[in-house]
Amino acid sequence: MSSDGRVTRNGRLKPVRVAVVGLGYWGPNIVRNLHDAPEAKVVCVCDVSNRSLEKMARRYPAIQRRRSLQKVLDDPSVDAVAVATPVGTHYAIARAALAAGKHVFVEKPLAGSAEEAWELIELARANGLVLMPGHTFLYSPPVNLIRDHFRSGALGDTYFISMSRVNLGIHQPDVSVVWDLGPHDFSILRYWLGENPVAVSAVSRGCVIPDKPDVAFINFEYASGTIAHVELSWLAPSKLRRTTIVGSRQMIVYDDTSAEPVRVFDSGVQLRDPETFGEFQLSYRTGDIISPRVDAVEPLYAELRDFCAAVRGLSQPRSSLQIGFEVIEVIEAVERSLARQGERVHVESTFSATRAG
Amino acid sequence: MSSDGRVTRNGRLKPVRVAVVGLGYWGPNIVRNLHDAPEAKVVCVCDVSNRSLEKMARRYPAIQRRRSLQKVLDDPSVDAVAVATPVGTHYAIARAALAAGKHVFVEKPLAGSAEEAWELIELARANGLVLMPGHTFLYSPPVNLIRDHFRSGALGDTYFISMSRVNLGIHQPDVSVVWDLGPHDFSILRYWLGENPVAVSAVSRGCVIPDKPDVAFINFEYASGTIAHVELSWLAPSKLRRTTIVGSRQMIVYDDTSAEPVRVFDSGVQLRDPETFGEFQLSYRTGDIISPRVDAVEPLYAELRDFCAAVRGLSQPRSSLQIGFEVIEVIEAVERSLARQGERVHVESTFSATRAG
Amino acid sequence: MSSDGRVTRNGRLKPVRVAVVGLGYWGPNIVRNLHDAPEAKVVCVCDVSNRSLEKMARRYPAIQRRRSLQKVLDDPSVDAVAVATPVGTHYAIARAALAAGKHVFVEKPLAGSAEEAWELIELARANGLVLMPGHTFLYSPPVNLIRDHFRSGALGDTYFISMSRVNLGIHQPDVSVVWDLGPHDFSILRYWLGENPVAVSAVSRGCVIPDKPDVAFINFEYASGTIAHVELSWLAPSKLRRTTIVGSRQMIVYDDTSAEPVRVFDSGVQLRDPETFGEFQLSYRTGDIISPRVDAVEPLYAELRDFCAAVRGLSQPRSSLQIGFEVIEVIEAVERSLARQGERVHVESTFSATRAG
Amino acid sequence: MSSDGRVTRNGRLKPVRVAVVGLGYWGPNIVRNLHDAPEAKVVCVCDVSNRSLEKMARRYPAIQRRRSLQKVLDDPSVDAVAVATPVGTHYAIARAALAAGKHVFVEKPLAGSAEEAWELIELARANGLVLMPGHTFLYSPPVNLIRDHFRSGALGDTYFISMSRVNLGIHQPDVSVVWDLGPHDFSILRYWLGENPVAVSAVSRGCVIPDKPDVAFINFEYASGTIAHVELSWLAPSKLRRTTIVGSRQMIVYDDTSAEPVRVFDSGVQLRDPETFGEFQLSYRTGDIISPRVDAVEPLYAELRDFCAAVRGLSQPRSSLQIGFEVIEVIEAVERSLARQGERVHVESTFSATRAG
């Protein structure tokens, strides 16, 4: 993938030339981080809103501004496209970009359905292009620090996980809270546990706008025995991003809004062999609590550099197509459960089997 | 119910003479509060453990101690029995006490099944005796302060409620976490909302002892449209008793472990009439946060005085038989859902209909 | 002051053309806020460091960059200079700018001594120019919300104030912690109370670098009877900016780092008339706690707009020369107390008397 | 000291027979803890208030009740007296008890002046009796855990300590806030640092009752270079017991009201050798934060057992006469500074020199 055109005269890799499509809430953050990344160069931004384009012009006068996506895709100086538009448009924009021979970074979720996501994946493979979903939390230092506790065995068996991601103030016009906030937690769980849930049951409600869920209570069951609960809501008295992980050896509280985002509790319950028949002997252990130092790296910055490295052929993105695809399978399972009034449903798992096979 | 024998020579009501059965974790608190209550007199304590009896003797030498329940029930000087034994024994002890003509206060839950609970209720009615389940949180000042917000309309429509009640260190030998911790939250919800859920779905796991659930994620749906989630666990990094109530006009956070147990958020979302078809206009409102002053009354003290007032025929207990019965109906529905692998099940509601009819 | 040259053809005031001198920690914030302010236009930035200039160029390519202060002052297109250099240089730069006929905004403190500050004030007055010290906290919404409680009488008598401003990680090379952090708290106190302390006693220590105080405990006495304590430190386990105000009717906690920066406690002590000789009757009152909603305005933005309004002759700056001067009188009193091993010293108060007279 | 009379027939030490004098706020806690301690037996309680005596009778019917101190002292079955009366009476009661041959435990402070305290100490020595001041915090697990960090060198050099002990609701009728709350912090500082301050300066105010200080800001200087600030107040929006210790290697926050009373910050500043003349190179280090597990022992229980061990001649009390005496020397120095309008005064240090010599 590293052709001659990718290298400067003095043998260094040229920066990846990126067009950022969509300048709503998240797009400007992508622009700012790509602007700061040595591997990237933002060559153009694209939005249908003149106001958004002008705002960007004021801050980055050197970046080209376009209202037409087609012109962006026709531009041979654009290596890659970063898509930060509403979910409903991800598929069409990403497909057009891949068809035009551009590498594509798509804000999570990858597409509006597993079917669409699979089409994009196949198109990227066929054209030898990088397609990467933007699951930013996979680049968050606290999330990775905690992942080490899962991997090293320090946590012990994973008993259960409880997650709350709630806040007042960001009703999305086009999607439910499950499609909007769910990908964050579903991708984190997938990343930590290395497995997708096998069954899901969920309850939701459209409190403000009927039939547009703005709160959801979701229960997950995993093949390993782990269970998890995820509470998602756009309505809440205060921002809350609290995850509790209970393992057999440690318990961990992860709070993304805290100055101490990770707190490790060296506590647990031990079950000794029953001395008499049927009688279990439990002993509780309460130890120190540690708030490990966490690096202050902006996850989006690390994510976009990972995308650039993939475009340059240097590595596979941590936020992989399998994770991006399986997150959508979970969302679809949650939606199925909701459509059947909270019935427990199975999660499809077709990436490595049927599809990738 | 106020016979002559209930009155002292100078016309004052005599104290209710209570026997406290069961001196484990909770029994001594009942003894202490009855000891301090002017309407009550603890005449005897009863437990199978000599050690528990001796400990009580050291603190209250004037109180009689018995190892035989029968002797307690045979004692004509005992007006009422307070039962604080393991759940599995509630039914048998309460039935024997009612049969012996004693008024009965039973620690929550009232009995080990709705069937048993109904038998006790009928027996109490037939004998003209007070039977009262000990749902202590119904006497908690924060719980009652919040109930006023539900009743007065200050909260607006009740969108959803999310409750967590978790802690490390109290695995119960005889019951699941649902029977142990569930009655607290189920009775609070019933008391606030004035209705029982109509459907339940739940996931649980026996993390430490197989098949003995020590964590449960429970989803409730109500006829009014309200949904609720209750997380119960004996395994957690730290004590957490956090309830979030989201209404259309206010949001409330209730944390029993905090110095400010109730925090009222004057925040909400307003939906204006759609200006164009299909387009909703939302406006967010963020206002002050108020921590109202809460009285520092011990709930158990107020509860036991309420029991004494009922024994004296002065009032009906706030912790009513209907609440006590319907809480068990919820527990049984949760157990049914768990037995069917998390299937969504309906909650029986037979108290006022079939039974009380 | 509003000459013809200040007005555009269509009768609108032209933006104030500002040069920002000093691009260390704070300067870039001034550039960003002036950049966003409609009344201002950053025409040039000036620093001795090429690296700082280049960084600014990358972000704001349209702004001129200069390494020579003289060239900035010689430029007739510059109306005003914003000085964000080390304290030791404030006097010389501000004097040169005033001499060159520029309006001057100087980061706090105004100068390195009261003597120097007075010279600048006289020079500004003589030349009819605006000179304004940058006491940013006077534009902080929480600080102003609290000020209303002082002014309206809601707080009652001001009994005492306790302030802590501490953090790890910002040892200043050229000044003590008193000159560096003190102006924040001293200006807030001056702004709230409307009076400067009359006496000061202080203890300090150079923990890391001998003779360079990095922690100071400062006690203030006011003519009104109010007392105050200010703790300043560059060494602390965690950022702490906690101010407690105890009044006869209310108490207020102000924490700049909190999501709820102002908390008003409706609590107090009431002294009833002594019933018997020499015996005082106290009654404590504990009421609600309120976290009022606070506007999310960046104080520096409001401050720089206030400067522009003053340059345009529309108003007097809230961060006045009197406050700027009297803050330096407090700093000098603290330094005197420290030089005399913590002796209690009087604070000079010469602004309105000798000087302004 | 262990005579025959002290031993039971089977060779075990008889319990120390204690009379508790003073049943106000603290006395009942002493009774409860002595009641639970195996080494002690509360034989009688003494107070001038019949109501206090009756309340005690209700709870501990087996304990004798007396209104006359003389009768208590005349009772040969009383080995020791625990004094929990107002400060102004400590001296007279303790002296009478010592004169009557009783061992004496006196709530802090030991007496109302250093002169009086010295008399008591000499009387106890002359009569071979135990005299012990009740500095309860010396038995607090968090205080001792932190002391280990001082002693082991983990903390490094002790740069400074800042303490706040404030609360609404406990104006003492007979003493200032310095005599009431000061002994807690002064004894903790003395215990941790192993030295008393050499100089003190303080500011105070009688906010509610004129001339009765209810808030004090106190600065301490130590021979070792350590400086400390103690804020004491009966007026505060909320209970605050926060101590910050800044050492060269660690920083510690101690909050007695928190579920995590000790938090150790592995952070600091390092000063490297100046590379060029006059230029210091600092490097900041931010590490993990640890909340060590702390034992849940009631300090008063441990303290009273320590008193009993001393009475039995088994050990010297940790809360020693030297600490008790030197705490009073600090209080008197604070009072001297206050009397001289906050002047910096020296602390007397006569225990080991003149007096003990």
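Note that the chains are named A, B, C and D in the order they appear, and that numbering of residues resets to 1 at the start of each chain.
Everything below uses one rule, namely that contacts are C-beta pairs under 8 Å (C-beta built on N, C-alpha and C of every residue); 3 or more make two chains touch, one makes a residue touch a chain.
Because the structure is predicted, anything quoted here is derived from the model rather than measured.
Novice: Which chain pair shares more contacting C-beta pairs: A-D, or B-D?
Specialist: A-D
Novice: Superposing the C-alpha atoms of subunit C on subunit D takes a rotation of how many degrees, nearest 5?
Specialist: 180
Novice: Which chain has its C-alpha centroid farthest away from the centroid of subunit C?
Specialist: Taking each chain's C-alpha mean as its centre, the farthest from subunit C is B.
Novice: Can you check whether subunit A and subunit B touch via the same residue numbers (shared by over half) or via different ones?
Specialist: Interface between subunit A and subunit B is built from largely the same residues.
Novice: Taking each chain's centre as the mean of its CA atoms, how far is subunit A from subunit B in angstrom?
Specialist: Spacing between the chain centres: roughly 41 Å.
Novice: Compute the distance, rounded to whole Å, between the mean C-alpha positions of subunit A and subunit D.
Specialist: Each chain's C-alpha centroid was found; their separation is 55 Å.
Novice: CA centre of subunit B versus CA centre of subunit D: separation in Å?
Specialist: 42
Novice: Of all residues in subunit B, which are in touch with two or more distinct other chains?
Specialist: Counting only residues that touch two or more other chains, subunit B contributes 238, 286, 289.
Novice: Which of the residues in subunit C end up touching subunit B in this complex?
Specialist: Subunit C reaches subunit B through residues 260, 286-293.
Novice: Would you mind writing out the residues of subunit A in touch with subunit C in their complex?
Specialist: Residues in contact with subunit C: 59, 61-62, 238-239, 259.
Novice: Mind pulling up the subunit B residues that touch subunit A in the complex?
Specialist: For subunit B paired with subunit A, touching residues are 157, 159-160, 162, 164, 166, 168-169, 171, 173, 199, 201-205, 207-209, 215, 217, 219-221, 225, 227, 229, 231, 233, 235-238, 244, 246, 248, 251-253, 263, 265, 267, 269, 271, 279-280, 282, 284, 286, 289, 341-344.
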